[in-house]
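In the two complexes that follow, subunit A is the common piece, with subunit B as its partner first and subunit C second.
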Partner chain A sequence: MKNKRKQFDYVRWIFVLPALVIVGVLLIYPIFSSLYYSMTTKHLIKPAYDFIGLANYQAVLTDPEFFQAFFTSIIWTVCSLTGQILIGFTSALAINRVKHGKGVYRTLMIIPWAFPTIVIALSWKWILNGVSGFLPNLLVQLGICGTLPQFLSDNSMVFITLIFINIWFGAPMIMVNVLSALQTIPQDQYEAAQIDGASHFQQFYHITMPHIKVVVGLLIVLRTIWIFNNFDIIYLITGGGPADLTTTVPIYAYNMGWGTKMLGKSSAVTMLLLLFLLLICVVYFTILAKWEKEDK
Partner chain B sequence: MRKKKERLGSGLCHIYLIILSVIAFFPLVWVLLSSVKSAGELTSNPTRFLPKHFTMGNFIHVIQDLGFTKNISNSLIIALSTTFIAIIVSCMAAYGIVRFFPKLGNIMSKALVATYLFPPILLAIPYSLAMARAGLTNTRLGLVITYLSFSVPYAVWMLVGFFKTVPIGIEEAARVDGANKFQVFVKVVIPLVLPGIVATAIYTFINAWNEFLYSLILINSSDMMTVSVALRSLQGAEILDWGDMMAASTMVVIPSVVFFMFIQNKIAGGMTEGAVK
Partner chain C sequence: MKRKLVLILTGIMLAGSILTACGGDSKTDTTAAADGELEGDITFWHSFTQGARLEVIQEAADEFMEGNPNVNISIETFSWPDFYTKWTTGLASGNVPDMSTALPAYVVEMMDAEAIVPMDDLIDQIGRDKFSESALSEGEKDGVCYSMPLYSHAQVMWYRKDLLKDAGLEVPATWDQFAEAAKALTKDGIYGCSFPCGSSDQMATRFLNYYVRSGGGSLLTDDLQANITSDLALDGIRFWVDIYKNCSPKDSVNYAVLDQATLYYQGKTAFDFNSGFQISGVAANSPDMVDQIGCAPLPKINKDDPDYSAETSNTPLVVWQNSKHPEICKAFIEKLYEEDTYIKFLAATPVGMLPAIKGISETEAYRSNETVQKFIDAEQIIAKAVDMGTSIGFEHGPSIQAGLLNSQGVIERMFQNILTNGEDVETAAQAAEDELNELFRIIQ
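Take a look at the complex of A and B:
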């Protein structure tokens, strides 16, 4: 009997072991490795390096450019996230409401989600191109603009344009997830509320919101992390320019690691980035846990 | 009165959705249309929709002169290998979590979600150093290994949701008939969850196909470049040829979009369900 039990344990571990090894080697180890390098003078090419304690952190935290990048990251995340949630959420409600064409709208609107970042970058750069781009030329032909607007090189427009593109890319994911949560709400609750004479707003507030609160909360957490960590969209569209106007923390870290080749210092930046995200998550999950408790 | 208001509301919904659909859909249309226009037409007639002269010249140029097929085959090999390994490992793990570690499993899947937190740019530094040490810089194998770092957690997360739907009674019946754990897993459970596994595999493939940062950092020889990096280097070329770029973009984006259409219904549940529970 005892023997059989032992064998049982061994087989079940075989199932999860490969995944645990991959996660351990590819995700846990690099964190510690980065932590170590962040306290050294590690260089991208030169093999020799020294241990210097927290000097990199000190250097980064006294660099005004780091705070500039951090501030840019915050604006980038807050604006993109707000836009994505707003568009994703309202479009899900609208699709849920209409009787015809649900599938067509959903299919058309999901497309940006499938785009590789490089094609997001190239297609929008082409559409917004300051010489032969579709949109600038259309705006001039319609008489809305006097000269061709430079969406991606004009200092006052470039950041807003990037945020628009990020909303374009990210809203479908919110839409699909909210929509599937909406469809799990039992319809008889709405019917009962209508008989009781509840208004649309009351129905939304008392039936819809409680049902999808947790899903939306979770989406906000995941999207915040994703947008804050995002490197490709900005890197491929503006490269952080013009004049560092769109340099977020990941771009700043990349430039430090692969531009000036100071991997040690760059590691310190990425560790600070992780620390900040951890902090945000703790706050988020405390709120989410409270919501889930309220549901029960 | 109420009915009229209802119809007005639904009409406004349609208008809103049509506007959003056009914005969402337009870049794809514009990439496709631009890819079959000549360079002259692209610059002389920026707002004209349909091509005056339909041409496949951009595609021929990209494939024959720029060797883009090489990049496509690199990306295909890398994405398929990643998907193959990730799905086998993740199916086992997801099943193991659901069936054998009901309590610990919750912590395990939470831990997997936590890996989502790790900035790719943070992982990129140790990866590039480790790959250089292992002699895997500029190899497809090196990229497949790094791609597993995001594919496996994500696939396990999605698959846990699908494996949860298998009733334990079916497995017990097979066990009574004398099948061992692996036989039950392969012959009974896998076929039941197959649609979910296929959807997860496709999603894994798309993500690997679309990846950019790691291939930027680990690959610098043009022979080994993936489509993303090759497309970017095209953009860095001296003469900006938008026709070429749109033709190459078409070849990269079409597989992603088409595959995505197949799994769009499956993907919604899988992602949030795995984590909410």
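Take a look at the complex of A and C:
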């Protein structure tokens, strides 16, 4: 026991200490403070608050608006992710086949990522404006629509419009990453498959897919978290409206914390969100681990 | 062993330096000079986002700093919604300014949170009798005034003279006449009136309040409960739903104040409701249209109903409790009320900002302004409305409930549910009333 204590190297711990402190302050502290506040009546501008146990969780889990926001978030995530992967993946496969000017296409595709979200949101708001917007007026002038389509206020169009914008925004990121993965596949494998008479689909299924599935899997994990937590695009374009049709869980939590200033309740929502996303991550990473094991 | 000790000390110093860097407070702590001369740094948050007002305030600050060389005033500008987020979050972390502008509803919350200091000494110094009693009362708690009104304005009806003339219509005096005219003018790419109900702003609450106040009612009961299901309020809801369906762009269901005003500025709506700020907005966006705009008092339910005003805003200045130099803040505020500076400030948005202190509007310097002369009728209509009105819900005195009525978007979501989801008016109104009362209960 004495020998073990002697072997313990304090020096390396002291050098690691600053990094540990920063990680603690920036990551662990917010999580634990949220966990603590979620069990209190903490109000944004009132200094005094009480410990109330799990009452905030009970209030949130019995609020129909929370579940409406939760299901909106699920649909938002599934539709956006599916669209982003389909468009991003297809674009990557197409650009990978391009012989000349690949860099130009790639640059053009990632333009949405070059702009701050506020610029993108306000630009789309302007393009889709129901009175003077470019797109509604163009559709009327071309005779496609009889009246100005209301992309951001019609209850049957507003959510689909936001999902379209999110797909447009997120697909390039998938494209760039998948393209990078595609470029690591040895060409001789395709040549050997062609000699053996493999069809394009067989080459894709037996060569391309196994090489890129781990990258795609990781992208799905990251994009799921980002899309589920996405706040700015929806908030800046519709603010969660009209009639809460586009209110997702992050917007619900924001309204709770910054609108009604009930930080305790808002923290309970964010803790529930964290638990849900951790659960999703566990499922994804289990699948990814299985794929990696299969590859070995 | 020595080597280890040196390494340990180096590690501790490194950690210490990082922690110090993270925890440092950049705010300079200075004290008043021994000779009584003002000395120190203050931060002033204001919401005068338009160029002209911004410049006048900066000019006043520069002049003040010239006269007080040991004082430094840092000015930060935010739009009203950003300002609200900024001070509410800042209060929790102690990151609030030394002085700021505010809205009356914010002042109530600030007083409740004990975040601002009394201003009675400065009010007395400038002259308490110069201020309107009702404007001062908006920032009063237990007989102490916590805010000083800087300027005033009130909501009136704005119309397009040319459109009314072409259609052979008179300026509407009742809500029925208004609806009739708005419907008649909705054609050829022009909307009679946009009805805005975006939940990030208080516009639908404001519009419903016009109707309810015109009938002598209130959106709050005497015991400060929400009052959305009264017959008058239900009639008001139905009235605006009808206007939305027949005269308004459908996108207005998401509109905030600027979206709404921009439509009028661009000549796309025949009627709108706003203060005198409408003039500078039209002048900036459609200068050719300035001669075609006019204003009138808000419509009544019946023509012979008594005159009324639905909403007056007395935008005040406050000094924050956290300030290390309230004396500098108050001296600077006093400078802003000096006649020359004050008139120059009001002239940045003529007729938009009306004087909050008596005697200014009679001065030659104020009256000689070109826009004031041109819109003298509008100025008188708005000034009369200022005298008769209060902030929304303040007809029962300043209250947290009045603030929540405006800031939570509950009435806006109620309208959205009716207009977008086809919810029944009574059901939606009852749900909104219950939601507001629950919010009132929680805050208490």
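Just so we're on the same page, the second predicted complex is superposed on the first by the 276 of 296 C-alpha atoms of A that agree within 3 Å, B and C clash if a C-alpha of one lies under 4 Å from a C-alpha of the other, contacts with A are read in each partner's own complex, and residues count from 1 in each chain.
To be clear about the criterion, contacts are C-beta pairs under 8 Å (C-beta built on N, C-alpha and C of every residue); 3 or more make two chains touch, one makes a residue touch a chain.
The model shown is predicted, which means the values in this text are computed figures rather than measured ones.
Touch criterion not met for A:170: it reaches neither subunit B nor subunit C. With both structures placed on the common chain, the touch criterion links A:259 to subunit C but leaves subunit B unconnected.
When the two structures are aligned on the shared chain, A:270 is found in touch with subunit B, with no touch to subunit C.
In the overlay built on the shared chain, the residue A:11 is in contact with subunit B and with subunit C.
Touch criterion met: A:131 reaches subunit B and subunit C at once. Between subunit B and subunit C, B touches the greater number of residues of subunit A. Of the two partner chains, subunit C is the only one that A:154 touches; subunit B does not reach it.
When the two structures are aligned on the shared chain, A:22 is found in touch with subunit B and with subunit C. Taken together, the two complexes place residues 11, 14-15, 18, 22, 129, 131-132, 258 of subunit A in contact with subunit B and also with subunit C.
Contact residues of subunit B toward subunit A in the complex are 9-10, 13-14, 16-17, 20-21, 23-28, 30-31, 34, 42-43, 46-47, 88-90, 92-93, 95-97, 99-101, 108, 111-112, 115-127, 129-130, 145-146, 148-149, 152-153, 156, 181-182, 185, 206, 209-210, 212-213, 217, 227-228, 231-232, 235, 242, 245-246, 249, 252-253, 256-257, 259-261, 264, 267-269, 271-272, 275-276. Taken together, the subunit A residues at the contact with subunit C in this complex read 10-11, 14-15, 17-18, 21-22, 25, 44-47, 129-132, 150, 152-155, 238-245, 258-262.
Across the interface of their complex, subunit A is touched by residues 4, 7-8, 11-12, 14-15, 18-19, 22, 85, 88-89, 91-92, 109, 113, 115, 191, 197-200, 249-254, 263, 266, 268, 407-409, 412-413, 416-417, 419-421, 439, 442 of subunit C. Only residues 11-16, 18-20, 22-23, 26-27, 29-31, 33-34, 37, 42, 87, 90-91, 94-95, 97-99, 101, 104-120, 122-124, 126-127, 129, 131-134, 137-138, 141, 168, 172, 176-177, 179-181, 200, 214-215, 218-219, 222, 225-226, 229, 231-232, 236, 250, 253-254, 257-258, 263, 266-267, 270-271, 273-274, 277-278, 281 of subunit A touch subunit B when the two sit together in their complex.
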